[in-house]
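As written, the chains take the letters A, B, C, D and E, and residue 1 is the first residue of each chain.
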Amino acid sequence: ACGDQSGGGAGATRDQIRAVGSSTVYPFATAVAELFVQGNAGMKSPIIESTGTGGGMKLFCAGVGAQHPDIADASRRMKKAEFEQCAANGVKDIIEIQIGVDGLAFAESKQGPGLKLTPKIVYEALAANPYGKGPNKAQTWKDVDPSLPAIAISVFGPPSTSGTRDSLAELILEKGCQSDEAMKALKEKNEDEYKATCTRVREDGKYVDSGENDNLIVQKLGANPNAVGVFGYSFLEENKDTLKDVPINGVEATYETVSTGQYPGARPLYIYVKKAHMTAIPGLQGFLNTFAANWNPDGALTKRGMVAAPEDVRKKSAETVKALTVLDGSQLK
Amino acid sequence: MSTRNPTDWKSEAMRKRIAGRYAAERRFKFAGLFAVVLSASFLAFLLVTMMGNGLRGFTRTEIALKVDFPASPLLLDPKAITDEALANANLPMVTGTVAKTALGDKADALLSPTAWISIRDAIKADPTILSRTATISVPASTGLDLAAKSKGSPEMEAEVAQLKQQGVLSTGFNFSFLTASDGTDPTQVGIWGAFKGSLLTMLVTLILSFPVGVATALYLEEYARKNWWTDIIEVSINNLAAVPSIIFGLLGLSIFLNLAHLPRSAALVGGMTLALMTMPVIVIAGRNAIKSVPPSIRDAALGIGASPVQVVFQHVLPLALPGILTGTIIGMARALGETAPLLMIGMRAFIATPPGGVTDPATVLPVQIFLWSDEVSKGFVEKTSAAIIVLLAFLLAMNGLAIYLRNKFETRW
Amino acid sequence: MTGPAILLLLAGLGAIAWVSARARALRLQTAARATGRRDAVHSLPGYHGWYVALWTLVPAAIFLAIWANVAPGLVTQSVLADPAAQSLPVDAFSRSAILGEARAIANGSQAGAFNPLSQGLVEPYAQALNKYGIAGAVLALVLAFAGGAFAFTRVRPDFRARTRVERLVMASLLIASLIAIITTLGIVASLLWESFRFFSMVNPIDFLFGTKWSPQSAAMGYGNDDAFGAVPLFWGTIFIGAIIAMIVAIPLGLMSAIYLTQYASPTVRKWMKPTLEMLAGVPTVVYGYFAALTIAPALRDFAVMIGIHGASSESALAAGLVMGVMIIPFVSSMADDSIAAVPQSMRDGSLAMGATTSETITRVLIPAALPGVVGGVLLAVSRAIGETMIVVMAAGLAANLTANPFASVTTVTTQIVQLLTGDQEFDSAKTLAAFALGLVLFIVTLLLNIVALRVVKKYREAYD
Amino acid sequence: MTEEQTNLTIDNPKMSARDVKVFYGEKQAIKGVSIDVGMDHVTAFIGPSGCGKSTFLRTLNRMNDTVASARVEGEITLDGENIYAPSMDVVQLRARVGMVFQKPNPFPKSIYENIAYGPRIHGLAAGKADMDVIVEKSLRRAGLWDEVKDRLHDSGTALSGGQQQRLCIGRAIAVEPEVILMDEPCSALDPIATAKIEELIHELRGRYAIVIVTHNMQQAARVSQRTAFFHLGDLVEYGVTSDIFTNPRQERTKDYITGRYG
Amino acid sequence: MTEEQTNLTIDNPKMSARDVKVFYGEKQAIKGVSIDVGMDHVTAFIGPSGCGKSTFLRTLNRMNDTVASARVEGEITLDGENIYAPSMDVVQLRARVGMVFQKPNPFPKSIYENIAYGPRIHGLAAGKADMDVIVEKSLRRAGLWDEVKDRLHDSGTALSGGQQQRLCIGRAIAVEPEVILMDEPCSALDPIATAKIEELIHELRGRYAIVIVTHNMQQAARVSQRTAFFHLGDLVEYGVTSDIFTNPRQERTKDYITGRYG
């Protein structure tokens, strides 16, 4: 007799698309959502939640049905454990689409000393236990590399709980670590110890966990001219008036270098879609098409500060959208 | 019995002592005044800073764009202007072309990407303009907007100067900020959706937490026998107040979403979760208020044959109401500003349409503020502050009624 | 019949029941009073009205609540029995999506069909909805009538309607107070299982007494040893929330309350009290920015100036100070109310002894108002413990075990939020640690509250 | 009962107490009191300050229930019904056994509302006009009407001490209880007001059972027909007032009423 | 002054009031009273309930300041100093002019702390032992010591009405003020306790100026040497007590003391 919006009955449905996940992909996803509504009169606006990649995966993999999201945004690839969790909950056919690239930028205040870094320097400055030779004693950049000024090391970066921090570890720290041959050997021998040595960040205040708010890091850099900040490339781009780039390996973070992967801190961005929802949720296909129409270099993706993927990747993704090819879990780590 | 003489109040020692007590009294009073002034000046500082940044968020820069409709590549029949026709007319592209003719190659950088919406609305309002040249005010791009209002990039400042010379630039009150919802372009976003979300959420919170909180306080203070059982209830309520809000989010997630299958991101669930969090505050404040009603009042009423329920609802409750309302005010204020538990139940989300009811997806003001504060575009800085001003206005309005009632009920006896 | 209509109808029935029962009671009582025996009449006629109205409404409402949960299932079943349902896909979700759409169209909340299959089901749906809707309405009305009639026959002058109605009031008050218990249990339950899993990975002793908190190590798979020592977090929580913030909030809040109730003119009080209450409502992001960008750098510069080593741009002091400001209203408003409620005769008694106002306040009013003052302080501490945004932005996330207020520390709640909202993994100790932290925090605050309860009981000075 | 006692049987007592003991926590305030209160006469309780008069009075309408530390033993009946029985409706009991407290405790409401409250909750007035009549009559009987008739809507707490006391008397009689317990109703009253209250008591006698606590022997002698003398929690002597005052049987009573005590 | 008045000059008065008017909001409660209070005699204020005795008493140590609606006009001096002068030290004034209120208002503290409160804030005790002496002496003088000596650390609010009243008297005299204002100090007391308080008053006379409000003519006659009769806010007659009671000059006074009033 009463309303039945409780959704408890067998006939639960939803007429809105729901996406959850990465805060990095969020700006692009929202832009796509907006364009989707503009291009499809009568469609309800998709709901994009910013939960972080891991949180999004957890929700995404909880099951198939109206109460579970259709799409997971991710600033890294799905992990094997997550894929298995999905499968366990009946989320079998998952479509993986790479939508673009993000750069992990290093920046300092315009008044800053103009540091020039390499993954090796960053690693030696930030590792908790560089090359497994005992606690990091470097106090200034000069301690790490004599060519650098004697300025106290101070890096504002993502907290250990964030996906962006994983990227920092993977893209920069591990590379710096592997400059040492012994470490490469260690990787083969003892993966755990290798990880600990190569990705663990010092906790003595030189590296400052700064929460998820990148604007705050930008502002803090303004107040601390000698500090270096690590955050999404788009924030560097937007704040060029107060910040300047810290080149890595002599490569500046620019649109081109990130897009081509020449810049070391580039990482791919994905969305994951449940195939089972394609037929049940109105407009889902159209939404994916809108993604595809906007991830080109002149599309909404770049307007929102991200970088378009190389052409071949885009092509492959476009095909996935069309054919709804499902992900083969065995390639995941 | 030994007798003592009257104290010599005029003696030098006594005089000195009293002078000292007066000094202490003055210090104490000054400390009180100082505390009030200091607290108020913190607030004033915050408010002034926010106003400074935020008031600009209520205005926007517009460019008067001359559109020669007959000459434009727009294919629209003035007699059949429907939403669908407008949606299919590819207005964004047409706007781009028109802007290029009017403003030159930099038009893209000068106009908001959503400028075409203004043109669409103009056509909708008066289809006859399709047959002539019309001047339509469209929002400027974020860069231009910033440059026009305060500090922008040098290029944009130059553009501003030039456009001003042409007399096409104007800054006016941004009505769409009060009527629109979340979006991706700072010139186009509005606070209405989040505002409505907060309104609905707070409504649910109030409807649930106030009666339950007051009822609990009454039960514990007036009826429950004082034994271990009431001690347990008391301690667990006090303890609930200390539970981090995100844990209420976890609870809401597992009970309201996973168990009861209520809709995700809905004001209903948000309100219920926040109600759990607000209730202890109301209970604690309420109990204290009830405790401070003198027992002689209860005796008087019981003595003429009032039932315990009548004593409570006709005497104790009215006298305790100011204190209960204080608890409600601070509890609701906290609920209004809360973001963490709402994340767990899906309210930290991009929601571009205002909710129609408590079961529709919604976000709330503090979440909107949080989301905007994390946006890349600098145009969002002033929008964030403007949203904070709206939140404070909401807070004031919400508390206004409670404060009015509190002042009304407050009596000293 | 639609939901609102039936509710309206029931409300109408309730009103009729109230009016007629009240009228009948009044008539009977007038007659009974004439006999002169006082106990011939027990309750006011209004109570009889409520008694009958409640019997009319409550059973029907309970039935409707149950029906609302049962009926959709019945409707769906009868639709599935329809031949048109044979063509539905087997896949459960698509199937329910189509059914849901058909229902939405049938009850008019959606105009057109996205899926062609659902169009065929609209008709059966409309029929089934109608059928069960009417059935529910009829049953509810029957219940309402039956309940009302039963109660109506009991209306007699000496019937104890007031006692019955009050019993219901009492029961609802009791139930309300149980919500707190249920919530508490719910919280414990939602923390317990995951905490248990956490403690099967990490030794509880290490967790409770370890002094190194470094969840990144666990996150990156270098094992759980030496990664989950929660002591620095608890220390940080106490340092920021219970020490620094309270050093700000208690004096400012209490003194403000005292000034406003005892010294300021009523008009000033009327305006200042709500003004200060705004401090509690300013969103924490605002405080966070204020703390991180204005207070923290200033404090660091100050610390460097006076030569303190290890001054960081994220400091416990910055976060604590700003948090203290935020919770001033918790102390000030609750203390204000309690002090204002102390009877005037207590003040008079003290003033007449030649006490100054400040002596009267500190020696008579505050002790008498103690429960309220302590209640406010406890609420304030609770709020401070639960705060995250300010800590993240101004005190950093580094778990240092230090008493240096210029150093960066972090709190339990902050870590819980970071762990729960950051990049989580399903089974890693890192995510589960959030639950364990929550549980331990819960237990610690519980113990503190028990102590506080004892203390207040002991020192309270009850007036009358 | 620890002491030998005058045996005073009353046929058909309105209230009777049997071996009532009251404890405040550990401390025993009433040590086993048995007494009968009838309709036809006013009973006065006298005794030195702190001897338990108020405490005993409060047991008669179960007001001691509201003191957390108080505990009552023994049996008290009203019209033969045990008022401490679980089946007893305490609310109705208190409506039937009205009370005027020792410390005047007006509600922080208007004078009118103070009086009207009782009749309203017991449904004694048929309407506004009826209520006005009740209020006026009660205030008149309490001897307060002339002083407050122009300010019925001022607060009851803004009255003088004696006025508050009379307001509380008016409030108690407004509900027309069967038994009226008055704890020093005239303590704050001048002789004229006192006379009015005594007149009221005379007027009520016969229709109501009345118990009055007083420190004023003359008053006890004037208004009461039975007097009970309490001392240190004991009911030392209970008898016909004239007997007690002229011919007390107990030494302690004699000492007290002749002022030789202490 | 609206009425002709007995002219009673006192040399060297301790306190004197000149044309004092008190208003509660619009309502005038005291209509212009002039009176002198000396050290050598006890002054009694008598008059019907609500006539303004308490109100006037409260003007003498400025306790009316605490009633928001109250407004005082006229001049009152203590040892020749105007107590309403801005330079007046109200704290010292109230310490010098002690007060016992009509409704007992013990602090919600222990009995001991109730008494010790005043001496402590005024620094009258040299130490714990000294304080114990003061507490005992004050309680003894108030006639309460024997009843409470075993429970000095129980709450003052858990006393009987009369005990509370004596506690408040003890509290007031513990600071040894120069003037003592007592508003019906014996209203809740039995004859024996009353006698003790009256004894106390006798004992204090000469060294302290004492004003006592009472409804008990006998008491006024017993303890006072000067009597002031108030009526409807007027000071109708002020004179030597024996004169007033035997030979009142005003018709109203006569009516009142002979009980023929009203």
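Throughout what follows, contacts are C-beta pairs under 8 Å (C-beta built on N, C-alpha and C of every residue); 3 or more make two chains touch, one makes a residue touch a chain.
All values derive from a computational prediction rather than experimental measurement.
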item: Third chains touching both chain E and chain A; value: B, C
item: Label of the chain whose CA centroid is most distant from the centroid of chain C; value: E
item: Central subunit by CA centre of mass proxy; value: C
item: Whole-Å gap between the CA centroids of chain B and chain D; value: 57
item: Intercentroid distance (Cα basis), chain D paired with chain A, Å; value: 82
item: Computed distance of Cα centres, chain C from chain A, in Å; value: 35
item: Touching two or more other chains - residue numbers and ranges from chain B; value: 21-22, 25, 295-296, 307-308, 343, 373, 413
item: Per-residue overlap in chain E, given as positions that touch at least 2 other chains; value: 91-92, 95-96, 103, 121-122, 175, 177
item: Junction residues of chain C, two or more chains touched; value: 162, 289, 343-344, 356, 359, 420-421, 462-464
item: Inter-chain touch pairs (all); value: A-B, A-C, B-C, B-D, B-E, C-D, C-E, D-E
item: Chain C residues within the chain B interface of the complex; value: 162, 166, 169-170, 172-174, 176-177, 179-181, 183-184, 186-187, 190-191, 251-256, 258-260, 262-264, 270, 272-287, 289-290, 325, 328-330, 332-334, 336-338, 340-344, 356-359, 361-362, 369, 371-372, 375-376, 378-379, 381-383, 385-386, 388-389, 412-413, 416-417, 420-421, 438, 441-442, 445-446, 448-450, 452-453, 462-464
item: Footprint of chain D on chain E - complex, ascending; value: 24, 27, 46-50, 54-55, 102-104, 147, 158-163, 166, 183-184, 187-196, 215, 217, 256, 259, 261-262
item: Chain C-touching residues of chain A, taken from the complex the two chains share; value: 1-4, 6, 8-15, 51-55, 58, 64-66, 76, 79, 81-82, 85, 159-163, 165-166, 169, 192-193, 195-196, 199-201, 203, 205, 208-213, 216, 219-220, 223-224, 227, 276-277, 279-282
item: Complex contact set, residues of chain E against chain C; value: 61, 63, 66, 68, 91-96, 98-99, 101, 103, 105-109, 117-118, 121-122, 155, 157, 168, 171-172, 175, 177
item: Interface residues, chain C side, partner chain D - complex; value: 29, 38-39, 41-42, 44-45, 160, 162-163
